[in-house]
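Letters A, B, C, D, E, F and G mark the chains as written, and numbering starts fresh at 1 in each.
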């Protein structure tokens, strides 16, 4: 039962990753890409959760913990950049 | 998986090199980042890839149960990542300063030094 | 837009007041348990540096510096000194450099505790990482302004 | 029993993740993409982490970490969304053509570096001066 | 012995101080050393004259078989006596000639070092120490030629001399090393007794060519003769003499020295004979074509060097004896004439023979000794020069082969030499008085007259009393060159024979030329045009060529374009690796995608696509964002394959990198489409080639495993010995703490670097 | 609020010490028991009385919020998953009752977390929150529900 | 336990750390700068003597047995390199007392110097291939920072090329390590050598050897990888240039020596033949590059390349004598090249320019400096009896014995062309009269040049000593070469005699 769910979850997440990636590629603006990047981080948390279930090793939750915090930092950085007027005029 | 990773590594190297061959110094830096990722993954691949077996000793045990992933390679990669980060930080600021001085994101305007 | 907008986000600013201690706690947690679980001086240092960096983005450089209190260059220097020094005691016991030296305590409640030079080393790593990353980020941010 | 619950959480979480990703791709402008990722993403991630917590029920370390992850997500996701959405607005990204109204329009005052509330008028930015320019 | 040779260098180091102390008498004071040396070497004469040879050895670099060993036999003693004896007059003479010159102190340093180097050269038994002194003469000579260093011509001439002689010297070194490899020794005394070892070895031709290249360049043999007259840029006739008549004989010395081991073959005879004869004729002909005092003398020196070379090449005992006699005679008269030229310059300021005349009244003593020296040069009986010339004719007439050619050239040269002798001995002093730049008021001072007087007189003395030098010194020297005692002895009068006839003929024809000087010069004027095709042109061309090649290479290789540097490096790598793979007969590769999970495939796909996007996007920040995606994917790979710490680190570093890029890049402009399509394709091909190469290597290395990993040890020992359950961290802070220490040093350094880069600039901007 | 909470945690610690079991479940029990003891014993002290009422309120609020979260997420999910767009987006100015920075931040973030609304910025005078709304069919209705959310949140916070 | 093995690494690390911690106190940094490098020299000499007396010394860092922990190994080559590093470090530190401005000191000059030395010494002493990578990076980043200290445009442009190409080198190095680790599962170089010794199919190893060849070739500045060097070495503070010129490329050369004598000796006929071609091309391109230059330090920079070729030639010929020559060459070159740069710095100090065409008249005005220039310059060109002569002589003899005629020819030709460049400098800077139009160029002036003179004089004295006292140097080089040619000595010392 759980194995099937894990597999299905992996598939769903993989598709989601693909969709997110398309947004990352097509943009069109930098903020859109940043959102996509955030989403990738969130998806990574999801992957790690599934992986933890499938492997039974909980150590990887630490990675998810750090991810949850730092992906946010990247977004803050980008937001600051955009707000300060960088990267838009030339995009 | 090692086969797949070989493609990944090769792809990263190729992308890195293509970027480094551009005239833009920003692309140069992006190339450096990709390059360092490629080299790290190569090392990772060479250590053999194992799913779900982190090199951790369970509480109360003296050794992990069963086979675990190669901790040495992981330690090396960790070191390499950190070193790469330090170097990259320097490189990023360097291109920033170079841009300020040269006032162009163009390597072709940075060739007077040589000749 | 003719002029640069430079309005700080109130939400971010006040959230950072909460996130800063949270992140710092998290970083110390990662540092101390690194020997047994994922973590360690380097990771912890990066998290701590991120915390201050967040503060810098949310507030300003001066606030970040005030929070950090120490000059990052001092952190780097003394962190390195810690790191190197931790390898030296062994030499007085006639062992090779960086031979780890352990002290075992038995403390009430906490039980047996082993303290060793690797921990001092890890703390050195932590300080250097915090100092270096922040030195870079703060300098860059200052130059940007 | 546990398996079923865990699976449920996992699959629903993954489902929301998918919704978030699809929303990110399909939604016509930045704020709406943010809607999708922030909410569905956070919820999806949270549910999946809860699944992990349930699987290892009774293991404090896992429960604590699962809780920490959820707290971090809940704390950071809305702030990030706010910052990005605001940044997008700052730089004047176009909104979807079917957007009904925009009360934030022209409320940023670059002169004084403030965001005005509705009805508030910048002292230096009188309408007649606008006309003169 | 070592002290004797090094004393010159030692005195050189204090010479300026001595000069300051003793003022105008410094020349005499410093000349004490060469005088003492002369006497010291003279003390060897009895032993050496009776056929002994003395070897004295001091260890230097025994590991390389390099000793400071010295060989005193007839040949080296002859040279040592000439060097120290003439050195005495030179130093004394210089003190007066350059009196008041601001660089006289430095001049002493150079001249004394030069003398010491020459002594070392001719006395060395060890080939390498010989070479050391050889090169030292080149360097000191360079410094002497360029003594007037603010004059561009002097610098150029000095460089030319140096370049030619050092170049030849390097060939010589190779030859010497090869000789040593063949004979197993660097000691001349052993090599000379090695019989036919060298002649029979397969390297013989190469050795001869290399050694001769060294000797020919040093001794200004055709076609390397051009540097020598140029060397007359040297400030004074003194130094001019030194390296035109002394240093250049180093080459002759070495040919003579090696004659027993290398000589007596057709190759040797032809090379030395032909080149020597050509040099002889070219030298004297150019001498005739010149008018500058030093030029004439220098070219006549070239002639003498050619003669000596030719004689050594002929190699019969008569020839060798002739060579030794000619060597001595030449040193005496040429020394006198150079010093006299110096007097002419010093007293009358004359630098061109055509601009002089009638000086006999003002400079009677000078005129007298000039005449005596010129007679010896011209080979007029009873001068020692005559003795030498007679023997020369005899030697070439008896030459085992090429006799006709050599004789012809010798006679032709002899004729011209007579004319030259007349020009230098008669022209300045006789005939009507010609206005000179300076009007001589008095005769030269004794210090300057002593040399010419003694040297010229000796030319006469040895002529009349041939026996004085014949049976001790010269026969010993000739014996050393010949390899066994020589049977030929010198005499002033051989009776009426062919050589005497030729002597008379040359005298008559030579004087005829002198009296028809102008007509002769006009008739031969066309020869000057030939210079354009001469070896000097070749030298100039090759120097220009060197600079052009250098500039071309810099344009091509060091062109300033980073991407071409990269391209070169990468292509070289690919080439090296591909070639090595091909040589290894391909690599063993096992490929399998079995067991790859869907999520892994997805992540890998995203990773690669993100990398592709970051490469192809036209948006700078889009590239950064894609880079973030690459970073997260890589982190996920780490996590999925059991590397938690690495995953965390990757995530954190990725984030900080993004933040840093964001802080730095926001003022930078966007990407410009700078590169044409074709170049992009080229770069893509190179990049792909490199990528494929790395992938192949990765596959090959994954498919091969020679041993198990040492990480088993860490897994086993982490908890028990490292007291930690996170094995990766225990490795980092304990097992391999040194790595981690280095790693944080890197980080600290990067931070300091960044800080300095930005702050130092900011400080500058404020100023 | 901090003082009572600290007391509560201290009591939980003591409980674990007494029982000698340092597990998560036991901590939870300790906390619950501690809360009950405090709520009962110190109900005369205002701070503790306040604490006593706030804890269930907080728990209720969390429940309410989660429910809202899931409900409106489904709405967005439906919109995302079906081919046609039903969105009627717009940016509205929402006058805030929250006053302190902390309150404003929490309210704004809660609003952002609920589907359909996204806090874009706070006016510099802190009176207005600009919100991007996804379904602006009935603005009054939207403002009303936002107000309700704000009220419940402030109840917990104050 | 032999502390001397680790001291050359630990001491500069410690001094670097302390002077970084004391960044506020300039005087303290200066004092630590000189005392620290002085102490380092003492420790280095101690190590050399100990290694000379007792053979290959090993310290198992952290007391973890080889091949598991990191070992520091001092064989004679390593010990020699450490001594040379210490000498150039001390010379630089002393010279810097007056040559480096207050501002630069304030921004970390001395800590960078110490840590650079730590990196260099770490690379020389480590017996672990990955640890070598780490020290390479330490050295590299320290050199990055030193390179840009000053922030001028030329520095930036030069640094970008320097940084990029060196990072490419690092990436290739790291990849090579990964591949080697994949094959052997170990990082300890002795262990790698040991495990590869029994391998029959050596094709893949040779292929991987090429990666190391390229990586170290870049670091060493060999053909065709040297581009970063002429692009950057003339841009930093001259004391820094001197240190770089002395040390950095030599680390690459050292690494080539190490891996191509210890690890990659499976197919010498192939790998070392390639090295020989690299050597020849390096010599030629380096020396030709210099011929067109008219800037003091650029000429010197190009000559670093040509000289590197000689060292590689020693390795490539791979006979006992050739290795002696290579080692001797390294020793000679570090002293001489550092000194030439120091001279250029003093000239700049006095005249305010590095352009030969603007310089002149210094033989008249500074005859002592002229002499001090001639000693290293002629030595570089291989004029006897200075140090360079013996270095070249040994190589030529080795080449002749190996009957590698073309390389002998190239070596000699390059010697001649080196002389051409040195004489060009001599003629332009010292002999030629100073051109009128450049006579009054502003220059920092002679204040404090005494220290610089002193440093240069001591280095020149060493050059003369290596020439006249070539025997002891030769003996050391010979012993070092002996150890290199018999890797079993190294392996046994590190892993213990397991037979």
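In this section, a contact is a pair of C-beta atoms (placed from the backbone, for glycine too) under 8 Å apart; a residue touches a chain by one contact, two chains touch by 3 or more.
Just so it is clear, the structure is predicted and the values come from calculations on it, not from any experiment.
Undergrad: Just to be sure I understand the contacts, which chains border both chain F and chain B?
TA: Neighbours common to chain B and chain F are C.
Undergrad: Of all the other chains, whose mean CA position lies farthest from chain B?
TA: When every chain centre is compared against chain B, the largest gap points to E.
Undergrad: Determine which of the two chain pairs, A-B or C-E, is joined by the larger number of C-beta pairs in contact.
TA: C-E
Undergrad: How many angstrom between the C-alpha centroids of chain F and chain A?
TA: Using C-alpha averages as centres, the distance is 26 Å.
Undergrad: Can you compute the centre-to-centre distance for chain D and chain E, using the mean CA position of each chain? Integer Å is fine.
TA: Centre-to-centre distance between chain D and chain E: 78 Å.
Undergrad: When the centre of a chain is set as the mean of its C-alpha atoms, what distance in Å lies between chain C and chain F?
TA: Taking the mean C-alpha position of each chain, the two centres sit 32 Å apart.
Undergrad: Averaged over CA atoms, how far is the centre of chain B from the centre of chain G? Could you give it in whole Å?
TA: Computed value for the inter-centroid distance: 28 Å.
Undergrad: What parts of chain D, by residue number, touch at least two of the other chains?
TA: Within chain D, residues 15, 22, 34, 42, 59, 75-77, 79, 82-83, 85-86, 90-91, 114-115 contact more than one other chain.
Undergrad: Could you say which residues in chain F touch two or more other chains, in rising order?
TA: Expected reply: 108-109, 119, 121-122, 124.
Undergrad: Multi-chain contacts in chain G: which residues touch at least two other chains?
TA: Counting only residues that touch two or more other chains, chain G contributes 13, 16, 20, 61-62, 111, 130, 134, 137, 141, 144-145, 148, 151, 160-161, 164, 168, 175, 178-179, 181-182, 187, 227, 230-231.
Undergrad: Using the touch rule from the top of the page, what pairs of chains touch, sorted by label?
TA: Those chain pairs satisfying the definition are A-B, A-C, A-D, A-E, B-C, B-E, B-G, C-D, C-E, C-F, C-G, D-F, E-G.
Undergrad: Report the residues of chain A in contact with chain D in the complex, numbered from low to high.
TA: Interface residues on the chain A side: 1-2, 4-6, 8-9, 12-13, 15-17, 19-20, 22-23, 29, 31-32, 34-36, 38-39, 42-43, 45-46, 49-50, 52-53, 58, 61-62, 64-65, 68-69, 71-72, 75-76, 78-79, 82-83, 85, 88.
Undergrad: In the complex, go through chain B and note every residue touching chain E.
TA: 1-24, 26-30, 33-34, 37-38, 40-42, 44-59, 61-64, 68-79, 81-90, 92-97, 99-100, 105-108, 110-115
Undergrad: For a test of understanding, state which residues of chain C touch chain B in their complex under the given definition.
TA: 36-38, 42, 132, 136, 140
Undergrad: Provide the residue numbers of chain C that touch chain E in the complex, in ascending order.
TA: My answer: residues 34-43, 46-47, 49-50, 53, 72-73, 76-77, 79-80, 83-84, 87, 98, 100, 102, 114, 116, 118-119, 121-122, 124-125, 128-129, 131-133, 135-137, 139-144.
Undergrad: In the complex of these two chains, what residues of chain G are touching chain E?
TA: Against chain E, chain G makes touches at 13, 16, 20, 61-62, 64, 67-70, 103-104, 107-108, 111-112, 115, 118-119, 122, 126, 130-131, 134-135, 137-138, 141-142, 144-145, 148-151, 160-161, 164-165, 168, 172, 175, 178-179, 181-188, 191, 195-196, 199, 201-204, 206-211, 213-214, 218, 224-225, 227-228, 230-231, 270, 274, 285, 288-293, 361, 363-364, 367, 378, 383-385, 389-390, 393-394, 396-397, 400-401, 408, 412-413, 415-417, 419-420, 423, 427, 430-433, 470-471, 474-475, 478.
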